[in-house]
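These notes open a run of structures that come right after.
Two complexes are shown next, each including chain A; its partner changes from chain B in the first to chain C in the second.
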Partner chain A sequence: MQLDQDTGLSLTIAQIVQRLKGSSLHSQLERQARISLHRPEIKLESLKEDIKEFLKTSAPAEHIKEPLSYMRKSQGSWEKRILKSLNSMCTELSIPLARKRPANEQKELLNKWNEMGTDEPDLSLFRPVYAPKDFLEVLMNLRNPNYDNGDQPSFRNHLGLIQVPLKIKDIPELKDYFSELDLNAGQLGIDDSTQVPPGWLKCTFFAVLAEQDSAAAQQYVRQGCPTALRAELWALILNISNQSEDILYYEQLKSNVVQHDLLVDSLIYKDVKLTASNDDYYFVFEDYLYQVLLCFSRDTSVLEHFTYNSATPPKSYIRGKLGMEEYAVFYPPNVNFKIFILSVAPLCFLYHEPSKLYQIFREMYVRFFFRLHSISSHPSGIVSLCLLFETLLQTHLPQLFYHLGEIGAQPLRIAFKWMVRAFSGYLATDQLLLLWDRVLGYNSLEILAVLAAAVFAFRAVNLMEVTSLAAAEAVLADLSTLKVMPLLQIFLFATVT
Partner chain B sequence: MGTMGHEPVPCTIKSAVTLQVGDVRRELGRPGVVVIDVAFPQPIDLQEMVFKNYYAAFLTMRVQRRRSLNRGTEGPLQWVTCLQDYCLMPNPHTEDCSQDYVCLSRDQMFCDVDHVATMRLILRQPSPVWFNFSIEELRFYAQGQKIPQKGFPSWLSHPSPQEQPANLHEELPNPDKVSSEVQKMWVLTEMLQASQTAARIGRFDVDGCYDINLLSYT
Partner chain C sequence: MAGKVKWVTDIEKSVLINNFEKRGWIQVSENEDWNFYWMSVQTIRNVFSVETGYRLSDDQIVNHFPNHYELTRKDLMVKNIKRYRKEMEKEGSPVAEKDENGKYLYLDFVPVTFMLPADYNLFVEEFRKNPSSTWIMKPCGKAQGKGIFLINKLSQIKKWSRDSKTSSFVSQSSKEAYVISLYINNPLLIGGKKFDLRLYVLVSTYRPLRCYMYKLGFCRFCTVKYTPSTSELDNMFVHLTNVAIQKHGDDYNHIHGGKWTVSNLRLYLESTRGKEVTNKLFDEIHWIIVQSLKPVMNNDKHCFECYGYDIIIDDKLKPWLIEVNASPSLTSSTANDRILKYNLINDTLNIAVPNGDIPDCKWNKSPPKEALGNYEILYDEEMAQSDASDRDLRSRSGQSIGLKGNRSRDSGKSVLTTWK
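Right, the complex of A and B next:
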């Protein structure tokens, strides 16, 4: 946003408030506000209105969420589709969207709160609300009505699956943006595997933790985090302090779970059983996953991120009061829970206390992961990531790109599921955490697209010989042996274009 | 920022005219220039203009104003350029800033924009990939307009300097000051209590159930 000072200002304010929430700075600001109220010139009656007028912008709220109207429309129709699917599941199976648990059921749930994985409810009738490839189909069909795609192939067509002309970084811009990953800079994930440990890096981190300097931590983490300090550093960057009121909030959510049963709970159960229980690395955390996700689906503070998310939370009305706004309630945002699960699971390696684990996950979700399943023009949104991936591959490896397109194995069809899960469940856990260090450090998800292109570049020789989509998928099926940082460095800084 | 509470100035915005070399019907290329004329019933002293961009890349603005001469007499109407090739889209081939809201104030213009009678907005879009381009929701705000009832309290525009915390070790604080502060806090809590709804939390419980309809599509 250029000189639109008003919209830019209020969006910045909203983002700053979001980041400050729960930090000591926030409580200092609150204290200062309380002191300011004593001043005689402030009229209490008109206080709220005065501040609202002052901060009012000329842009409507929906424009702040997503400036492009055709993307808003597309997001709206995608959401309608999901709601229809959920409603039909509800009526087919005759299960209420929400119900209060009877007392004995509540007691039973409370008793086995720490071992919900031992439960084996019958979930065969539940089906997932949508699969990633359905979402990819929607993204492929995104069109700007004002954009001339043209009948003849020309510079205005994109050769890949994504056909919207979003601004993405090209390779020189990426080299500049990710300059800390350069071959000359020491990286944790490469240089610590040699005999001589990079002691200088570790000293810096201890200093940053002692100072509790969140901005410095974010800067240093671009070169990776030492494993022992990662949990604390991430908590510092995300401004999570796990004070007593946070623990209390988590306990409150837990009691909400015990009291009411939601339809999405069954979907969560099913997805956890399917995803985490069968995964070699994540099956140990099955119980943690239930505890975090069931609470997350009841957390109303998550609703606040919808001011900058292009999505809108589903709404429902109390029976008999359809259309009356004071009887409207919000339902948990409907997503493919596999994505959620795979976002939480790696965090279980770092945090063992449920309330802290919960807060870290929630903060990571409202900062990053929500962009992976809503349609928006944000540079870290999934649409931009897909376009960035396709463009990088096309520029670096045009022959491979063309060959895969010809055999019906368009690269995005394979890379999409990696990016939409932020590579969780595909990379080895230590490599995944090194990747997420950089996501936090750069406050952007663009590195996911760069890594996806780097993986294709790494396996290019094998991929040139395949003749079908299934064969291409087989070549790229196992990423668990890959080392993330060398791949990224070679792709960005050592490949001749 | 300060004009957000003001009313926009009335004006007549004529429909956009595309400029193209040669015959519009036979030319295959897209017209890259669009001109929008705005007429003001009364000459205004422009303070700010706000609009929503729709795929226009560059904006040039010319105003026709009447300069007042030294002896108080009115001079002739003159056209003058007050903005030249102002960039609205840094990358005209991509969506960057294509549908943003833009606010331009008089400080950003090359010259004085007082006594403006007519304005001409010249939009350029050099990229051929867009079917149409224009600007929408055009609103003008004049200088020195009457501030409406909801003006900004001075404490918002001019925050007072930081107060030093009272040093309680030296002396006890002024009892009058303390009592007035406590009174203000009490008024605030009374206001909060008065505006609370009478309904209990959990008011959606119907026979102990959280009874909701299906999810709404609107």
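Right, the complex of A and C next:
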């Protein structure tokens, strides 16, 4: 047993080292290690023990996969449900999940690679695998079997739709956590609209870029990125350099798309047509979206994130090659492509080379976005975000929370779609990018829940007057005029608690 | 104040009428006394024609300048700009400075253009210098992309000229005149598609020149991927951005209508190309608009005009003035478009007819900043002059005498950025 654990551990370490090698983080670590060697308090003899001691006393390492078994179970049955729905669609339409394209079809696809949007196949028979509200339904039914909140619901109970006990931050903790968003700190997204742009911030950014200092970049973008430097800063934070091998890798994925036809392609196609193609901000980039999303569904390196995602990848095999790993194509978990589409589209404003755009999106996905559609107890997971949102509203604006609940317009029913899409498609693009600056800066999606609550607070007066879910939705239908940073600041720092 | 504005219009568009009614103005017929007439370009021609000899009184105002066609007809715009360049050169003005190849440094913003049939020989000469170039033919008197085609061989022109001669003698009037312009075959593409800019510019007076730029301009995208390939020269969905053309394409989207806001363009360019080049591009766009107005000055105090500027940006981020429209379409293609045009008219009226009061053409037409709505001052001659004399004083008392070249450009350009 002990032996097993040890080999498993050293294997993990070897993998981590392998992944680190060649990244800028690796050289930074090495440099820091060399410097530390000369410090008197560091003794080589006891280094191993000292580190062990440090790790023991500090917070436990992030849970690798999901630690709570009831979460794992729910995620499992949710996956089964989706897969069943996919499979039954295949049977119904008698199309395979995956097939090899005949040569002439391959050639045709290659020719129109840059203008796939002009194709108009009949996709009326394809239906979305699930809608956000189906997913919300699942989250609402989550229960912790070990937790008994008693038969008598007391006044202090959580009255929201999410009924699982998870550790979430309260207002003082949020204030502390998001301290860089304080009213006294310079913010891009507020101060740039006044006469003098915060020059100090800009100088810092140039220095950070010159140094290629990823960690510092992450710290500074908490106060927002200047528009012209955002693309570079995000790439630095995400450790994306777009080397020639990355471009080659992208080209390989592209040839995989050309060779094999997947059922998801049609779903992606249909969802792009239904969302981005009709969007005032994103329609321009329609063709880029296919180029990214089709490749993404063939990218086996995405599978690595399942080591820390509570979800498991549904896989499919090329006909006749069942079970042979090299012929596996994985299905993105929870195939609601509208969510994917809306997380790629804003990035099109920053990157115009498809290979770079692709890498940035993939990294954003495996760091952040997967958490928005798998069931987990992670603080950035969608369950925690829902709970955080409802708790903030319930404590901050109890009257509003109660009123909306009474008329059957539970706030989460409206805010869920915003959070699950990280506000993409709802905010104006410049505002969305300012919000995502903070996601990258804090390495957390919690800001989404705070913003959702802030939007409700901002519209509270109007919301108090509505008497139906439809009317509440109408009040909150258009978020495109909102300014993100003032809303967040007012909610977090200017409200008396 | 003394009574309500009496208005007339010969354009039955709800965005206009709703705006008039909102102000409590009274509709009258054109034969009655009126204060405000929103008229089509056909009507303005009659009103100002020598035969009618109609003289506007002090309390009457119309939405066109009598000589608007000097700017808004494709052939005359080019003619006027050419003339203006020559005049500036003669005066030795710094704006007419040329580079070593004989190209104007600051006034080269219209693609090389000739009138046909008048300048046919000049065109042939130019064409032979660069036989692989593509040219665009446009009828002078038509709009919305009608009658436009592309050519890349001289034989096509010859055929066109034969065809139009044989068709009928009656149509040999000035209406059949064409302009032929060098086609910008390296447009800036976004998402692989070509687009042009539609910007609204309001001139409230020419003497002194005072003009405003509407902040909510937009890009109009082609629905089909751009290709400079000559095999697609006949495919107007690739080349022409006019909504009147594009809406007949299979891929036309009725929700956004292929329109993208200028603020989106700015965000995209700043993010992908950087702040400096983006600012330079927009400064240059402002510059060419102001320069295009200078040759067509008019003294009339009874007029204002909202022009629709069409600008194409090439892949080196140089803006080109394509044409100016006198009566930008008030038809709304999408819901957003409808809101935009309603607001455009609203803001235009707030500047042209302050407070909705009966117009008085002696008023100097300088509204307070709060009344501008989505307009921002593009150029104000009076302010420019007082600023210039300010600067003159400063530089005389100061030390900056050198760097003549730089300063001369500045004197024209800085005014654009000073009062934004």
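Here is the rule we go by: the second predicted complex is superposed on the first by the 412 of 497 C-alpha atoms of A that agree within 3 Å, B and C clash if a C-alpha of one lies under 4 Å from a C-alpha of the other, contacts with A are read in each partner's own complex, and residues count from 1 in each chain.
As a working rule, a residue touches a chain if its C-beta (ideal position, glycine included) is under 8 Å from a C-beta of that chain, and two chains touch if they have at least 3 such contacts.
Treat the numbers as computed from the prediction; the structure is a model and nothing was measured.
Chemist: With both complexes overlaid on chain A, does A:D170 touch chain B (first), chain C (second), both or neither?
Modeler: neither
Chemist: Who wins on chain A residues touched, chain B or chain C?
Modeler: Looking at chain A, the partner in contact with more of its residues is B.
Chemist: In the superposed arrangement, which partner chain does A:E245 touch: chain B (first), chain C (second), both, or neither?
Modeler: Neither chain B nor chain C is touched by A:E245.
Chemist: May I ask you to decide whether A:L86 touches chain B, chain C, both, or neither, giving the answer as first, second, both or neither?
Modeler: first
Chemist: For A:A98, is the partner it touches chain B (first), chain C (second), both, or none of the two (neither)?
Modeler: first
Chemist: Show me the residue ranges of chain B that touch chain A in the complex, using the header's touch definition.
Modeler: Spelled out, the residues of chain B in touch with chain A are 1, 4-5, 50, 54-55, 87-88, 90-91, 93-104, 108, 128-133, 150, 152-156, 160, 163, 180-181, 184-185, 187-188, 191, 204-206, 208-217.
Chemist: Quick check on the complex: what are the chain C residues that touch chain A?
Modeler: 190-193, 221, 224-225, 250-251, 253, 255-256, 258-261, 263-264, 267-268, 270-272, 274-275, 278, 336
Chemist: Write out the stretch or stretches of chain A touching chain C in their complex.
Modeler: It comes out as residues 114-115, 117-118, 120, 226-228, 230-231, 277-281, 283-288, 348-352, 429-430, 433.
Chemist: If we count contacts the way the header does, which residues on chain A are in touch with chain B in the complex?
Modeler: 1-7, 9, 35-39, 41-46, 49-51, 53-54, 56-59, 63, 67-69, 80, 83-84, 86-87, 90-91, 96-100, 144-148, 156, 164-167, 260, 314-319, 322, 327-329, 331, 377
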